[in-house]
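We just call them A, B, C, D and E in the order they show up, numbering each chain from 1.
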Amino acid sequence: MWLWFAKLGSPKWFYELSTKWLPWLVVATVLVIGTATVWALLFLPPDYQQGYTSRILVVHVAVAGTSLAFFPLMAVAGTITLVWKMKLADMVAKNAAALGAWFSFITLATGSIWGSVSWGTWWEWSDSRLVSMLFQFFLLLGVVSLRSALEDTDKAAKACALLSIVGCINVVIIKYSVEWWNTLHQPASPVSLQSGSANGPEFWIATALMILGVYLFLSVSLILSTRNEILQRERRALWVKEMIAAER
Amino acid sequence: MNQITESTVALGAPLLEVRGLCCERDERMLFAGLSFVVECGTVLQIAGSNGSGKTTLLRILCGLNDGYDGEIIWRGESTDDMAESFAGDLLYFGHRVGVNKILTPLENLRWSAGMQRNVNDQLLLDALEAVGLRGFEESPCYTLSAGQQQRVSLARLRLSPATLWVLDEPFTTLDVDAVAQLEQTLADHARQGGAVIVTTHHKLSMPSVSRLTLGVN
Amino acid sequence: MNQITESTVALGAPLLEVRGLCCERDERMLFAGLSFVVECGTVLQIAGSNGSGKTTLLRILCGLNDGYDGEIIWRGESTDDMAESFAGDLLYFGHRVGVNKILTPLENLRWSAGMQRNVNDQLLLDALEAVGLRGFEESPCYTLSAGQQQRVSLARLRLSPATLWVLDEPFTTLDVDAVAQLEQTLADHARQGGAVIVTTHHKLSMPSVSRLTLGVN
Amino acid sequence: MLSVGVKPSTRSAFMLTLKRDLLIAFKRKNDIVNPFMFFVIVISLFPLAISPEGERLTEIAAGVIWIAVLLSAMLSMDSLYRGDFEDGSLEILLLSPHPLFFLVLAKNIAHWLVSGLPVVIASPLLAYMLKLPSESYATLMLTLLIGTPTLSLIGSIAVALTVGLGSRGLILAVITLPFSVPVLIFGTLAVQASASGLPSGGYLTLLLALLAGSLSLAPLTSAAALRISVS
Amino acid sequence: MLSVGVKPSTRSAFMLTLKRDLLIAFKRKNDIVNPFMFFVIVISLFPLAISPEGERLTEIAAGVIWIAVLLSAMLSMDSLYRGDFEDGSLEILLLSPHPLFFLVLAKNIAHWLVSGLPVVIASPLLAYMLKLPSESYATLMLTLLIGTPTLSLIGSIAVALTVGLGSRGLILAVITLPFSVPVLIFGTLAVQASASGLPSGGYLTLLLALLAGSLSLAPLTSAAALRISVS
């Protein structure tokens, strides 16, 4: 068990393993997302109120759900970095922060687009989900900018690990405080977030597939960017040099 | 690219032992497999050209940097396991000297020396006088010259209960008299059973100094 | 309390002349009635113990401090009247060396040397190589050691068109080779008709150095 | 000589650090006057930029005061460890033979006494200027009294993480502000509740919980962050 | 050797300084992203602290945006001369054989490009989030385009005066904010006027006058202040 753990931490091992698995993952991602999209386009009945735009909800729900996974992921990676000083964990954390910021942004964007149709407004402060998502986005940008501000890789790794762990607690606190804030002050909003669930089972199958697809996509992009990071950081290591020489 | 000059110093009772220390910065190996023992009564000068890793080594020894491989053993135990008792027996003097510009020399020492042992003002005044700051005890440190600020920090040496002194270029900006005096202080500390690790490009005119040269080729 | 050691230096053609300079800081007279002449071809070392006013004197000469009485005459005219042409012919190197930590040595020089004369990258690379920074041209300066950062700034000397160099403790943190090399550079500059005013506590091993000692008693 | 020194107790190291930081603040004077001045100036911008009408002001008063408090707390953080980092005192702190938790706590307390407390004390005056109903002055002060130390403790983490950076003002803000949102929300809600005659006890309890949480966790985290920054 | 160097023209010294400062900012990245982020975060605090209702927000939108711009401009100033002071580059700048006016101007322009312009560009988005009527977006951007350089120029004086001080964040604010009030007032008035369909040309002219004034006077004053701070 321990041996396996130590091995997992080795960038070289990860690189070689991921070389084997990556093609399959990519194929799976394309298949699942493709199916979900086709399903959404072909089989989803247009909503009586919102027309065909409701299909963007499929993407929205999938991306939104996934984007909540980033802080926990980064906190776990951060703990590993701080406790076991595993380089690989930090490489994953680094890319996760940037990717998480993108996912949060897409959630905000798709949500807004849909909001513009269903609520008639792109943005509403009185909804707790929107606000707490916005702050998660800010926090992720904070982590990214801390990373870019600290020049020393080691220092940046540890500092960002610490911030991710603290940020993880904070996302929870923000989520709840915004909810309480809201329940007291919010005037009944025209359409509740749950209205989408009024749609039939076709919707949920498409959504479930899309969620799976987005998680797959997330893993593929994390693996790809981590591989890149490995090559960058280990460019002086023997195995990288040998590999590059072999490819030439 | 890098070649390591290794040297082992051994006198008296073992205080600090370094085993197989390696440090890489920005993919450049600064030192590898560095092992040495510092014993009570030693003055060890770390020599080496600019950028050879002296400062890095000292900071590693004190636990301020942790980007290294190898073992650092303090009185028979790893420094990681006994950080606090190690800290109580260690005095570090870095490139930045730890003198607040707004406070006076006296106020500065009251804190920086007071963190390591109980002090009273008379002790502090004596130490300041000994480093030639008489008459400046109550001037804010921003009005002192570069060398005078260095002296404020060096007064800590006279107050410290620490056995091991780790000094990074303590001689910079000191005038000739102050340099001679500091050398005397270091020699005295070693004679009384303490140990000193010091970096300097200046040639020490002290009797028994061991040298460890970090090499860049 | 203060006693002033006065000395007058005179060789070659007059470049900078100081007449009756007095400076008081915090009611302590640092120097009074200080007069001397710096001529082309001179290296003038300002000596004196810590706190005797060396840094203050150099900053006054460059126009960075103006809390003084007396006259400073540059090529026959008061420096106040011709600040810009004086600045074009002057290179000041202070306790803080003027190296931005985020930029690389090359980028630093491109600006700091480029403010005084037109430069191209080849010139800069040559200067960096001459001060022993080959291989570090493209590393950000925060990754350089104290001595290496000092060297980045010293590379300016090799690029400067200035006649008068005013250097405040340029030898700190330099290793032995770099010290010898810098002394050589100063001697060359003087030989080619420039003038150097330098403070250091280090004993200069150059042939003809004039000394001016500021005294605190 | 080597055996003369008696190692001071952690308590006395704590007091020594607290006293030193207070002394520095008093000598600098600005540290004390400025957070307060900033608070006053920011608040006085609102009637200018939004509306000088009393009724309108009443509506926004609680929020404006809390935002000004937040910004002034955040700005004042900048001086918490920076000076010590630059002159090397931080290394002395890290290498002292005492648990860093208490030393960091001492620094945070000194900082709050100097920058947070004056703002709390001045708040009723500014509340009056913004026409906040006088029933809620007590609640306002109470929330500030609980909220500002929380803000200081949270800010301390961000400052410790960024202490070595060239320009920190903004990165500090970017990291701290999201963390301060809960304090802001509960603080304003409590004041608004009391202004409309509702009970505000629940919010106060939440604020207290946040304070307790950050009091126990933040100094630890700051200490870890300082170790990272100095290395 | 002594005669080889050709003294560069003031124009090329200006360009060299501008390029250097931009290069430092791009290498640091944060200098560019942070003022903008700060602006966004501060704005998003208002709905939380005051009220999330659209109508209420519309009323305060113009003022809130301008206050956030002011604060973010002020915070970002911190990095303008500090780094150069600390590493000694400022002395090189002061002792260069070129009129300091232009070098200071180059630094100010670089700073505005990096910290002011992004805020101006992002303002319509935030105006939308605060429910500002869409007719006034153009006026908002225009006032910001004229107002932010003025704020930078004014801030530059304060930074230059305080560059040697330990903690500047606040003292800077205390000096700058009162001077920036006219910009704030004309800026918000212009936006409010256009939101209610009134002409805003008069205010724009006033803003332009402020810009012209500070463009000619502020760099001179900053240069003098720098000389004082360094000595």
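In this section, a contact is a pair of C-beta atoms (placed from the backbone, for glycine too) under 8 Å apart; a residue touches a chain by one contact, two chains touch by 3 or more.
Every value quoted in this text rests on a predicted model; they were computed, and no experiment measured them.
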In terms of mean CA position, the chain most removed from subunit E is B
Two candidates, A-E and A-D; the one with more touching C-beta pairs is A-D
Farthest chain from subunit A by C-alpha centroid distance is chain C
Whole-Å distance, C-alpha centre of subunit B to that of subunit C, is 30
Rounded to the nearest Å, the gap between Cα centres of subunit A and subunit C is 56
Between subunit A and subunit B, the Cα-mean centres are separated in Å by 48
Rounded to the nearest Å, the gap between Cα centres of subunit C and subunit E is 36
So subunit A residues touching two or more other chains come to 135, 138, 141-142, 145, 149, 154, 178, 181
So subunit D residues touching two or more other chains come to 28, 83, 86, 165-166, 171, 174, 177-178, 181, 185, 231
Going by residue number, subunit B touches two or more other chains at 67, 95, 101-102
Within their complex, subunit D touches subunit A through residues 157, 161-162, 164-165, 171, 174-175, 177-179, 181-182, 185-186, 189, 206, 210, 221, 224-225, 228-229, 231
Counting only contacts in the complex, subunit D reaches subunit E at residues 28, 30-31, 34-35, 37-38, 41-42, 45-46, 48-51, 56, 59-60, 62-64, 66-67, 70-72, 75-76, 78-79, 82-83, 86, 165-171, 173-174, 177-178, 181, 184-185, 188
Seen from subunit B, its contact residues with subunit D in the complex are 59, 62-67, 84-85, 87-88, 90, 92, 94-103, 107, 110-112, 114-118, 140, 159-161, 163, 189, 192-194
Listed in rising order, the residues of subunit A that touch subunit E in the complex are 121-126, 131, 134-135, 138, 141-142, 145, 148-149, 178, 181-182, 185-187
Note: in the complex, subunit A contacts subunit D through residues 135, 138-139, 141-142, 145-146, 149-150, 154-155, 158-159, 162-163, 166, 170, 173-174, 177-178, 180-181, 184
